[in-house]
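The first chain written gets the first letter, and so on, giving A, B, C, D, E and F; residue counts start at 1 in each chain.
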């Protein structure tokens, strides 16, 4: 996570690994993968809000890959930096200083995503 | 958590215990308590979204007291049952079946909160 | 968790709460509930092994309700006390002393389940 | 956790459940129980510091029973309320607001332990 | 974790670091290390089942190093890919989508272990 | 984490990322950052004890960056290797074998910090 290419690399590695998963997955696993997509589809809540929920849940559970994934989605949904900061702030308060290394990396990823505009 | 009074009891116990905390708290603890309030104040994101973030973070970290607290706030912000279900659904997908007992209790609390309308 | 009726009470409360969930659940939630059943169906691994996996996963994530549920299933699958002790022992080593209060309650539930034979 | 007897009740329940565990425990489990005692014996660090470490570890992992246990030990080691508040404060900062319900109950237990002086 | 050598590298790094640990370890730490081995010895449950329990516990607690270690042991015990997929599926359902990055890496490691046959 | 420079690299990366955070931080986030410093200031408990508490809390929550940070602080406070081993031992017992990969890396960092004397 040390250079400007990391979102691209993340995407490529994720795709390559997903291929390996799907080659080995059974029905339970495949259905979960589908559900994981459906849960973020717009409904009573807009997709942007759902992606924010996924982002903050990933932050407090401290999964960098999941945070990166939801940041990409949030960027695509037009989230502003001010909104992002406030959402990460809720995660920081709920989850404590143990989330700080992940917040640092989240902002680095965000800067990269903004730079790609 | 077995009768119609539980939200009221939760509120009373929470207040009584907060009194004990504040009697013993030092500056670090008091400042954290204040920050915890400020993090949910409306800003770039509306309060309703922030309370939803707090709710789903509490769900995936599996804290019933925190879930109950944010449900009370979400109800006050006018959250609909459909919105609640979708938000809990994101928490369920991110956090897995280990969140189910908390989702069960969350809906029970929600029914009680709706019944108080 | 203080008397001989607790498994029965657990079952009744679980059913009552599941009714509330299903009344409010959307498609994502209902599908997850189904997947949660399918994941433990016998396949390459027998159901007993899968229930043991669910039990130990629940123990290290420290969810008493989930532990109780899987103990009931393990009893139905004919798990012996020696097998249970060894499985909880793996959870204890992986998850540490923080799992001990849950192991205490697990054995109490197990004694009750054996007493019902 | 609603009356002045709870530390006593905690002790009694803990002993009764430990009896059930030891009846079922194998060598791995018994050895872990012994190690759990040895880890807090005075050495390069005094017992009081080790109990504080156990307390804060239990707080951030959010186990009320473990917190109560270490509070009893800390009281026996002569911990002051000011020291306790600062230690819980470190746990609060590291672990976030999700620890607050446990901090509330910890102070309630502490008040009871002090009342027993 | 980006090339075909990673299991070998994992083994070497693990050994080198274990040497550093053992140089500094006290009796508590050494005894825990021994217990960690004993917990997976065959008994009422076969070693394969115990390694599977360790694998799924490691997955839901989301420790890649621990997952890799138990995958190596599971391979040595003759676990089939179908059995592995079902076991990881239980972990996925219990622990949710937050386990997915670890499942991706687990299958990649598994492919490498199979390729070494 | 594979060469003798890693503490230096950790410090540089941490500073660079902190700059990005502070550029984006709002008042809640900045205040939390300040509180995080205040919580470890000497008071009723000496700074060394508070850093040890932060270390063990970070270990059981399994955050390598946080562990490295507190090891640097503990070294500056004059912690001995024997004290470190006992503190990590409490974390190991509370948190289980899932902490072992972090303990391995902690000792490696510690060796490096000692080598810099």
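Keep this in mind: a residue touches a chain if its C-beta (ideal position, glycine included) is under 8 Å from a C-beta of that chain, and two chains touch if they have at least 3 such contacts.
Because the structure is a prediction, the values reported are computed rather than measured.
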Legend entry - Equivalent interface positions on chain D and chain F, same or different at half: same
Inset, instruction - Tell me the angle, as a multiple of 5 degrees, of the rotation that maps chain A onto chain F over the C-alpha atoms. - result: 120
Legend entry - Cα-centroid distance, chain B relative to chain D, in whole angstrom: 26
Inset, instruction - State, to the nearest whole Å, the distance from the C-alpha centre of chain B to the C-alpha centre of chain F. - result: 31
Legend entry - Centroid distance [mean C-alpha coordinates] between chain E and chain B, Å: 36
Inset, instruction - Name the residues of chain E that each touch 2 or more other chains. - result: 26, 28, 32, 35-36, 39, 43, 57-58, 60-61, 66, 82, 85-86, 89, 92-95, 97-98
Inset, instruction - Would you tell me which residues of chain D are touching chain E in their complex? - result: 26-28, 31-32, 35, 38-39, 43
Legend entry - Touch list for chain E against partner chain B, complex: 60, 92-99
Legend entry - Residue ranges of chain E touching chain F (in the complex, touch as defined): 13-14, 17-18, 20-21, 24-26, 28-29, 32, 36, 57-58, 61, 63, 65-66
Inset, instruction - In the complex, go through chain C and note every residue touching chain D. - result: 2, 62, 81-82, 84-86, 88-89, 92-93, 97-98, 100-101, 103-105, 107-108, 110-111
Legend entry - Interface residues, chain B side, partner chain A - complex: 35-36, 39-40, 43-45, 49-50, 52-54, 56-61, 66, 80, 82-83, 85-87, 89-95
